[in-house]
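Each of the next two complexes has chain A plus one more chain, namely chain B in the first and chain C in the second.
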Partner chain A sequence: MERSSVLTMRRAILFLLLLGIAAHGRASPDTVVLVVPADSKVIDLDSITVRKLFLGLPVLINGSPLHPLRNRSDARFDSIFLQQIVAMSQSAYDRQMLIGVNRQRSMRPVEITTSARVLDELYSDPNAVTFMWLRDVEHNPKMRVIRILWSD
Partner chain B sequence: MERLINSLRARLMSVVLVINAALVPLLYLGVSAIVEEGYAEQFVNPVRSYSRLVADELESADEADFERRAGALLDSVVLTGQVVFAQIDDGQRKLRSSLSTVPSAAARHDDFSFGSQADQVYYISHPVKRASRPVVLRLGFDESLTLERIAAAKRRVLAALLAFTSASIAVAIWLSAVIARPMVRLQEAAKRVAGGDFHAQLQMRSSIREVQELNHHLERMRQELVGTNDRLESEMRERGVSEQKRLDLERRLLHRERIATIGTLAGGVAHEFNNIMTPILLYSQVALADTPADSALAKDLTRIVVAAHRARNLVTRILTFSREMDLPPATVFSLRPTVEEALTLLRAIVPANIEIAFHPGGEGLPVLGDPSLIHQVVINLCTNGYQAMRRSGGRLAVSLCVVENPAESQIDPGRYTMLEVSDTGHGVDAAVIAHIFEPFFTTRDVGDGTGLGLSVVHGIVTSMGGLITVESVVGRGTAFRVYLPAAAPPAGALEEGAGATN
Partner chain C sequence: MRGSLLLIVLFVLAAPLARGDPLQHEFLLLPSADVVGTFDRRAPVTQVNDAVLKADLILSLQKGPFKLFGEYLVSNHEADLERFQLGWQMSDDTVIWVGRYHQPTSVWNHDHHHGQYLQTSITRPAIDEWEDLRGVLPQHFTGILIESSKQVFGTWRLRTAAAGGIAPQLTSVGLEPFDLVHPDGNRHQMGYQARASLHPGDFSETGVGVLVANDELTSVGTLPPRAFRNFDHVDLRLFALFGTYAATDWKVLSAVYYADARLNYTTAVARDSFIVGYVQFQRRLVFDFTGFARWEDSSRAADSAYLQGFEQFARSRYVAGLRWDFQQRQALTVQLSNSHTLDGRFSDVRLQWSAALF
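On to the complex of A and B.
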């Protein structure tokens, strides 16, 4: 009797441990989300608009142009940006940007290489739009997640 | 082996092989990387655009008809041929195209670069926003075709590089032959020159300017070498001749000094002997005059007087050789009459088996001296000649000629009258010639000659400023040549030789 209760306890501990691991794994998957400042007027952006925005084409919300910020604070962002946001290769993106700058006078998105600067830009510019890891923004009241861009 | 390794051809080939060995792998790797990158670009860009397009299409699908529309879209996507896996996951269930050719790969992460996984499938996931519940579109694109293209392109690159390597080696072989061939010819020609064949021309035909210039410079060096060699040989020959002349002069000088020493010695002895003979001759003549002619004492005294005369005559000859005799005043005269007169006398005493030939060779040049001494010279030389032919017979030749700058080194250049007396007798060897003008030197038997004849001739000729030489070949004969310097005759002073000797 005593032996079976010990076994039950052990199984309960093991279950809780596995549950904790699973809960932790589920709580923090590698997810990249599109974010705007909390006070931004942007409610939603479909994928085509996001592509236009990060290809340097003008996107207006209530008459105000949005300011795309290309977050390069993590090396994985580059691959995710090319594959999930602009949906093209690096050379095609570069070529597209050159064409846009030369022919359509479009602006190349501002590129930022540190997380702190990304946050500063977001806090200071209500029209800024960028992408970040979900784990970095989900508890930040100053920012709002617009849509999920990629999830592993 | 070392000779082969260090050859020009081997060096050139080594350089080409090393360059190929270093460059070809680098070129292959570099070009392969470019090829891979290009093909990856060609694959990734449309795949990303296409998957995004499908996700957008799915996102815009009507919510009520979403499931049917999504199923049709997934099948349509797979039917394009490039997509091998298509699936929509809403978190609760998975809607997968039944046309997918690869099984589900739920645990597989997304690809962000071409060929990163070994399964030859490029997976892309796109979250699709829907009003009810977000879903994830997952597409798998076939990489195998692009991988095959890359492999084929790499094979072509490798083939091209191998062709390049083969061509460069062939060119290197040809080029090394082109460069080395003239060098080898040049080397062979240089070897011939080094072996002493200085006239082997260093000529090679090559279109390479450096080789042409090298050939030109080496040929110039060879020509200069040939010129220097010729000059050296010429100088060596001249030096040899000069050395021979010097030795000859030295030998003659020594001979002359020895003759002069002997002459001085003999002259001194002759003077003393003459002083002794004078009272003997005088007193024996006085005694003979006071003695009856038919007495035995007169006969004895007569023998004394005759012997004394012979002794005085001998003394006179010794003094003539030593040039201490009181010579008569020198006159300018022509040799021919004197020689003809002497030969006339000789013909009377020379045996019949000896032929006497005279070649006057014109009048000759006048000489300065005493004709009687020249008469004695001719008599002595001819006597010496016919005595050498006394038993075998032969020919005694006497000739006169004018010689300009004789080749004899011991007399000064100028005009000379040469008197040559030659015979066809037994001749004498070099050892005899070395002493032939020494007084009392004779090859005849004791009592057959005094050994003073040729030494007297030597003394006379030398006193006249001339030179006497002898040339003899054993068994063929001997030739004496007397060179007497030409004298410029004062006006009307030239006498006829015959008159002078008389």
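On to the complex of A and C.
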């Protein structure tokens, strides 16, 4: 009961935020959001879970692991990814990935360099999680925004 | 009845595979090349290998919660399937592995495995040396490994590992683990290990922990007569404490092992014990250099009947060196060591190139 109320509240806040950003003509193009396919079972991911996911640690929803996609289709995504999502320098992130593969036998997030491929992956994998510009997803019914990661 | 049960188990296990999860893969190559020269030699044998070229190949496959992991090491001296594991990610925090694994009660090897690039020093502590390089503790087992990580005391993490599997054998050339590719028909015994460590966060290297192991090692063939005449097997119990503090620019790590060896001869049982410990300090310097120093020492090692089978074991060793990360994922390291083995002493200088290639 409490959990569903909280989720409804979060959705309402997210909706209002998105509405506010959309109404504010200048902010919308410079907002990065976490997105999943519309049929994803993901309802909410807090920032710690998002960090774990993009650092290669397992995050399971109903027994299925989520698949993080590192979107590198825009050069600005790299600094946003390092500062806002994994909170590490490039060298520390590199080292963390090496340690993860060697020690925890984990998978690095798949890196994608074109927007078209990001969309293809999202459409074909219900467990995919990625980040994109809000302007690229706000009118796309095949995707769902989970949270705002960064806004200029 | 047994057939029906097997079908049910297979159906339950196969259900997630049919859900359409994509097959993911990961490949990592860790090559290295090193040369060593010895001086001030007062020991009959000082090195196993003088020059080593090697490539550590790591391949991971994952489909849904199921994983397949393999590590193959190729060098100018050996080619060996080091790890081969089938895993089931039970939850965010727990994974169960079946296959050949590195036992979790080696502090150094649990962190670095065979990845030469990932360890700052060229050599590992003598107590954590691999079996084929005359290591004194068993490292490769074939069985079950369960790893877990739980949130405790707010944001702290308790990482645990428990394992049980076929133990290596004692042979005339040291310990020999069970070979998955060329299995032998010898009598093998089991070993059991557990590890628990507490860390202030998910990704923190800082932490403290304890280890406990009980490994039974069977003897095969004719062992060196000095220690193992009429010998049958050894029950090796291990207890250890370890800790790491990792700051931004420096790190200190330490471990102390207490080993209790019960040597079972055909007519008698002998007990002995020894203590081995080490502390390593490393600091990042300017221009991507890292300086490091390690002190390894032991107590009662010279009197241990078990260690008499490993005369090259360094009962004390001083190590110092400098690593230069000159390119992304490539490093050059120079290292000086002074070792006191059970049958002498020597010094050595080493130079190594190591890399990590995705």
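Everything below uses one rule, namely that the second predicted complex is superposed on the first by the 125 of 152 C-alpha atoms of A that agree within 3 Å, B and C clash if a C-alpha of one lies under 4 Å from a C-alpha of the other, contacts with A are read in each partner's own complex, and residues count from 1 in each chain.
The rule is simple: a residue touches a chain if its C-beta (ideal position, glycine included) is under 8 Å from a C-beta of that chain, and two chains touch if they have at least 3 such contacts.
Note that the structure is predicted; figures quoted are calculated from it, not measured.
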Checklist entry - A:V145 contacts which: chain B (first), chain C (second), both, neither? => result neither
Checklist entry - Touching A:S79 in the superposition: chain B (first), chain C (second), both, neither? => result first
Checklist entry - Is A:S47 in contact with chain B, with chain C, with both, or with neither (first, second, both, neither)? => result first
Checklist entry - Should A:P65 be classified as contacting the first partner (chain B), the second (chain C), both, or neither? => result second
Checklist entry - Who does A:S89 touch here: chain B (first), chain C (second), both, or neither? => result first
Item to check | Per-residue touch tally on chain A - higher for chain B or for chain C | outcome: C
Checklist entry - Touching A:L55, do we find chain B (first), chain C (second), both, or neither? => result second
Item to check | Residues of chain A at both interfaces, chain B in one complex, chain C in the other | outcome: 48
Checklist entry - Which residues of chain C touch chain A in their complex? => result 16, 19, 21-22, 24, 26, 28, 30, 58, 60, 62, 64-65, 67, 69, 85, 87, 89, 91-92, 95, 110-113, 115, 117-118, 147, 202-203, 328-329, 356, 358
Checklist entry - How about chain A: which of its residues touch chain B in the complex? => result 46-48, 51, 79-80, 82-84, 87-89, 91-92, 147-152
Checklist outcome for this item: As the complex stands, chain B meets chain A at residues 40-41, 44-45, 48-49, 51-52, 55-56, 59, 109-110, 112-113, 124-127, 129, 134, 136
Checklist entry - Once bound in the complex, which stretches of chain A touch chain C? => result 48, 52, 55, 57-60, 63-65, 67, 94, 96, 98-99, 101-108, 110, 124-125, 127
